[in-house]
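Chain nomenclature is as follows: A, B, C and D, assigned in order of appearance, with residue numbering initiated at 1 for each chain independently.
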Amino acid sequence: MASVSVPAERPGGLLRRPHATTGFWAWFTTVDHKKIGILYGITAFAFFLIGGTEALLIRVQLARPDQTFLDAAVYNELFTMHGITMVFLVVMPLSAAFFNYLLPLMIGARDVVFPRLNAFSYWAFLFAGLFIYSSWFLGGAPNGGWFGYAPNSVIDPTRGMTFYAIGLLIAGIASTVSAVNLAVTVLNMRAPGMTLFRMPVFVWMGLVVQLLLAFSLPVITIGLVELLFDRLFGTHFFDVSAGGSPVLWQHLFWLFGHPEVYILVLPAMGIVSEILPVFARKPLFGYQFVVFSGIAIGFIGFGVWAHHMFAVGLGPVANTAFAVSTMIIAIPTGVKIFNWLGTLWNGDIRFTTPMLFSIGFIAMFVIGGLSGVMHAVVPSDYQQTDTYFIVAHFHYVLFGGAIFGLFGGMYYWWPKVFGRMLSETAGKLNFWLMLIGFNMTFGPMHILGLQGMPRRIQSYPESLGLAFWNMVSTIGSFVIAISVLVFLVNAVASFRKPKQMEADPWDARTLEWATSSPPPEYNFEEIPVVHSRDDLWHRKYAETEGGRVVPVAAGGSGEGTYPDGAGHAAQDGAGHAGGHAIHMPSPSYFPVIAAAGLPVLGYGLLFGVPAVAVGLVITLAGFFGWALEPSAE
Amino acid sequence: MRRRTVVVLGLVALALVAAACAPNATQSALEPKGPEAQKSYDLFVPVFWVAVVIFFVVEGLLVLFVIRYRHRKNATRIPPQVHGNTRLEIAWTILPAVILAGVAVPTIATIWDLAAKPTGDILEVNVLGHQWWWEFDYPDQQILTANELHIPTGKPVYLTLCAVGFGYGAPVPSEGGPPAPSACQGPPDQPPPAAIGASVIHSFWVPELAGTQDVVPNQTNHLTIQADVPGVYEGQCKEFCGLSHTYMKFTVVAHTPDDFQRWVAEQQAPTPVPEPGSDAAAGLEVFLSRLPSGGGCTDCHAIAGIEGPNGQPILNNGGPNLTHLMSRQCFRGCTLATTDANLRRWMEDPSAIEAGSFMPDYGLSAEQLDQLVAFLNTLE
Amino acid sequence: MATLEHSAAAPVTDHAATSTGLPHLKLAMWLFLASDCLLFGALISTYVLYRGASTVGPYPADVFDIPYTSVSSFVLLASSLTMVLALAAIQRGDVGRSRVWLLATALLGMTFLGGQVYEFTSFVREGLTLKTNVFGTSFYVLTGFHGTHVAVGVLMLLTVFTLSFAGKINQDSSMTVELVGLYWHFVDIVWIVIFTVVYLIPTGSPAGG
Amino acid sequence: MAETRVDDPGPRSAPAPHAGRHPGPKEYIRIAIILGAITAAEVAVYYIEGAREFLIPILFFFSFVKFALVVLWFMHLRFDSRTYARFFVMGLAGAVTLFLIVLLTFQVFSS
């Protein structure tokens, strides 16, 4: 299905670069980090709706004991796809959307360092997602859990786990490429004066996440390759009868899987660290400590993977070591939370929707963090592992944490991206419904787990007395669904409004608010020169000797005071005077072509060698055209 | 804000209450019934309360600040731009570290405690994880049974766990014969059990008696369980192990030492021979015969003391050993009661009951089914 | 891949200043190589775990031909030399000589690949396939992965070689050659490790490990 | 994550295309000869019966030296900015430590 989009890209005028930067087809050839960010966002949100629907089906099946609404096969496919979708096709790309759109703006750059590579990453990710989902129609979706434990994932007779392996490999390529791209962007593309310790925390978290990706993805890549070879070519990596070890897969998976947790949550932490200061009207408390704790979390995050394997029988030495490292990682996490509290302290807090989501993030993430520490208590974890207690824990981290943060980010930057405000009323409704629904759904799961409900079971007997809280949980999940609908309506409605938005509606502190909303294609007419952290704020406000803060002459009204400040509010960036002077990279056909080859290659591995060759040819053709096409129009 | 906190706090409070006094929670980690489970529980409770305290402190501050420092109508004050405070930073780095250290010490002690093999008077049992049922092998008692683990109270039971694939048969004990080798090691002339068939990872969990121990192919794990009071304790496979993972349950039946000895004696008693001409005898014929489809019960199931058509001993090949089947309360991963109706339904079409079942549908006639049920009923 | 990006990076960064003072592509390439370390780390440790774990032969000692493999190691080392010479030449602006060294490097790389193909076939003849045992499985996948890296390198070298005739490679664009060089040397150091860990270090008893 | 200490000139500095002069062909050839010699030595040690018990440490030492020579001279880490080195060491050290731990949990080295 991926190849479907190729004909549109037939390299007709070979090596001549497309010009159009507007219109439908321009989306396929764009290399503009902002457009690519929007593409990431829309795609990820679409998958969010699908993954959420899968979750609802699971909840319906579990609403009452001994239900037969879904049979075992479908149920296993659903919880597997729910996990894969939410982790790889929702939270990761949604974070990528924010990184793509905002990192260049926040550091005062005109684009990422390798714009076409950036486009390639997006298309590869999209095709990976479509590839995995095509499995529903081609003999069954993955059914071995998102963690795909061997040997079960190897001996499963359906094609599902082969789709899983190939799909995640393609997604992995996409993420690795964009990780290198964005890391170099942050290091090398900063505006004059934007030293590392003047960067917004969100940019810092972006940098850390890209490095986590760069160093953790290769490990799962090898794990997936070994799984794939076992399934396709009869190798024995995880074949016990030949002396293979199933535990090797667990190491390779969790060596990636744990850093992945921080890959998912650090972006949200960065977002919250941007939103809190703006609406508390104070700078972030203990900037350096928030940054360093973020780095520490990323670093220690590589040393805790075996706490997912306490019950495997690694022996007391390993369990002790990983219990300790796991407890240690709680410390920098705590530092972050206390600094956020410090930011709120003595602030002048405005309860806008972004702020509500950020406060909700802190409140919920604390719960997830605390239950996390309880898992580090190994003997206690012997009871909790693989029960709904764990499910509750990581949903408090990844939903109460990541998703709340990302929603806050959407409300916060929506006006910047689309030049229109989301309705605050609908936003608040969205927040409260989601908060209540979320706690109704996942709070009871703590109890269920302790009462003896294991994970990944299709039903449970009446006798275990699990019925009540399961029903509560199911009802809660539908409340969440309603809150998401409210967001959808809000989003659609916002496009009914005219595009009338000043550059800096929130009276914010960072560079992206210094240019028009939406920003012109080239972001800044003149690359700003940065003099301090929260540079924009310092251009709007000054401090008297007494430490009183007073607006500077120019404004504080929210008008940025850079050259090319908020001048172009209404119009489209491309269309104005200064614009033509600035030379931006031309769109290109080749990223999408190069990416389109990958799923074709994947189908080839599944359904017959010829397609492998075709896929390789398409991809190589893409890259050669890429290398040879002129750099400008 | 208040509303949210109420929801949150309410849930946490409920979590403890509801969990502590939940109705017939027969598989609950919160009701330890033996020293091993107690050790986990004794760590869980204090850590939980520490967490609760921290929770109230942090969320309390959050709510306090949010209320205290909310923006008030037409207040024009811009708060002082405070950038941080190193003393505070040091404080809230060290304080958690100290608390965690306090948690770490007993944690580590207990890890090693639980890992140690119990000494003195213990019972040893091999636990074999199949897709999707549990096999229990008592090497010293020469008993091989399934889905029901019988143990004496007040005595540590040291389990040796291994995962085996379809086609592996634990060596059948035969009365009078030489003691069968330990099932997890397998017969000397065979490769180790895990290396046979397509075994997958399972996880042995009976929360009221002990924490989880994974059952991993090509790896022999150990777990100590102990029950202080007689009773039936529910257990379940906790690691996703394929299509019918959900239905891989088991029970641990704890007897007083005397009752346990009685049970052992029962299990060791020779299999009664059905009197000729009875339905049961006909059922035994069906059991031993090659069925139209070419297969037969004895391909997988053995019964101590019953020999094959031409006198050869029957090996268990992946199916539960049926010796004294009717002394068990349940079968099929302990999700069906051993009633005539259930046995009949099961033999009639296993995969109708269990997705992906390894037990074939031999298209048995109604008469054959009746005879088989009659025969199985003699296996008390 | 990074090399292919070269042209696109240019327009955005015409004001060629970078915050760190380091060229984008070189930074990217080093980051990529750093991440590739973990790729091979995973493969090599898989091999170390399985080298002695096979339940049936042939075992490493039965198939390895050290003299033969050491020759291929020499070839790959030599290719590293020709690669740096190519770089030195282009940095001097001596396109002609650089071209020759690039071609030499590519040829040496192909020789190495040829050698690997021959080695694989002879192993298969001795009864060691991907499916024989965990040693075969982990050996072929590790060395095959490395071979693929070499092949990609050869492809890049030949591309650069061809581009040089189009006058696309000159003193100013010596970065392209340097990047291909970095990649190529990385492939070489990976082989240095493989040669020691896989070939030279003797395996314990088939049971052990 | 050492890279956060990236040399960080506040205002932009034009990139120094080849920070620190790279060595010339002569030095490259010298290095290559050393590399060849070591490889020869490796193979030789492999066949010397006497060296059996020291074989593994010796081999590791040799390959380490070769590795270092290529990285420092051919890949210019000795001459280029430390930032590249920081990245590379991050990956390398990470790989070595992580996978050593993994192999240790398998008791690979005990036999």
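By our rule, a contact is a pair of C-beta atoms (placed from the backbone, for glycine too) under 8 Å apart; a residue touches a chain by one contact, two chains touch by 3 or more.
From a predicted model like this one, the values you see are computed outputs, not experimental measurements.
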| item | value |
| --- | --- |
| Highest C-beta pair count, chain pair | A-B |
| Centre distance in Å when chain A and chain D are each reduced to the mean of their C-alpha atoms | 35 |
| Inter-chain centre distance, chain B versus chain D - centres from mean C-alpha coordinates, in Å | 50 |
| Chain C and chain D, separation of their C-alpha mean positions in angstrom | 15 |
| Multi-chain contact sites of chain A, meaning residues that touch two or more partners | 187, 214-215, 219, 241, 243-245, 247-248, 255, 315 |
| In chain B, residues with contacts to at least two other chains | 191, 195 |
| Chain C residues counted as touching two or more neighbouring chains | 18-20, 22, 27, 31, 34-38, 41-42, 49, 55 |
| All pairs of touching chains, each written as two labels joined by a dash | A-B, A-C, A-D, C-D |
| Residues on chain A engaged by chain D in the complex (per definition of touch) | 187, 192-193, 195-196, 207-208, 211, 214-215, 219, 245, 247-248, 251, 255, 295, 298-299, 302, 306, 314-315, 318 |
| Interfacial residue positions of chain A with respect to chain B in the complex | 71-73, 76, 144-145, 149, 151-152, 155-156, 240-241, 243-247, 280-283, 285-289, 311-313, 315-316, 319-320, 323-324, 327-328, 330-331, 334-335, 337-339, 341-342, 344-351, 359-360, 362-363, 366-367, 370-371, 373-374, 376-387, 432, 435-436, 439, 443-444, 446-447, 450-452, 454-459, 461, 463-465, 469, 541, 543, 547-550 |
| Parts of chain A lying in touch with chain C, wherever the complex brings them together | 31, 110-111, 113-117, 176-177, 179-181, 183-184, 187-190, 194, 214-219, 221-223, 225-226, 229, 233-237, 239, 241-245, 248, 252, 255, 583-586, 588, 623-624, 626-627, 629-632 |
| Chain A partner contacts - residues on chain D that touch it in the complex | 1, 3-4, 6, 8, 10-12, 90-91, 94, 98, 102, 105-106 |
| Chain A partner contacts - residues on chain B that touch it in the complex | 1, 3-5, 7-8, 11-12, 14-15, 18-19, 22-30, 37, 39-41, 43-44, 47-48, 51, 54-55, 58-59, 61-62, 65-66, 69-71, 75, 77-85, 88-89, 92-93, 96-97, 100, 103-104, 107-108, 110-112, 114-115, 165, 191, 194-201, 203, 205, 207, 210-214, 216-219, 221-222, 234, 236-246, 335, 355-356 |
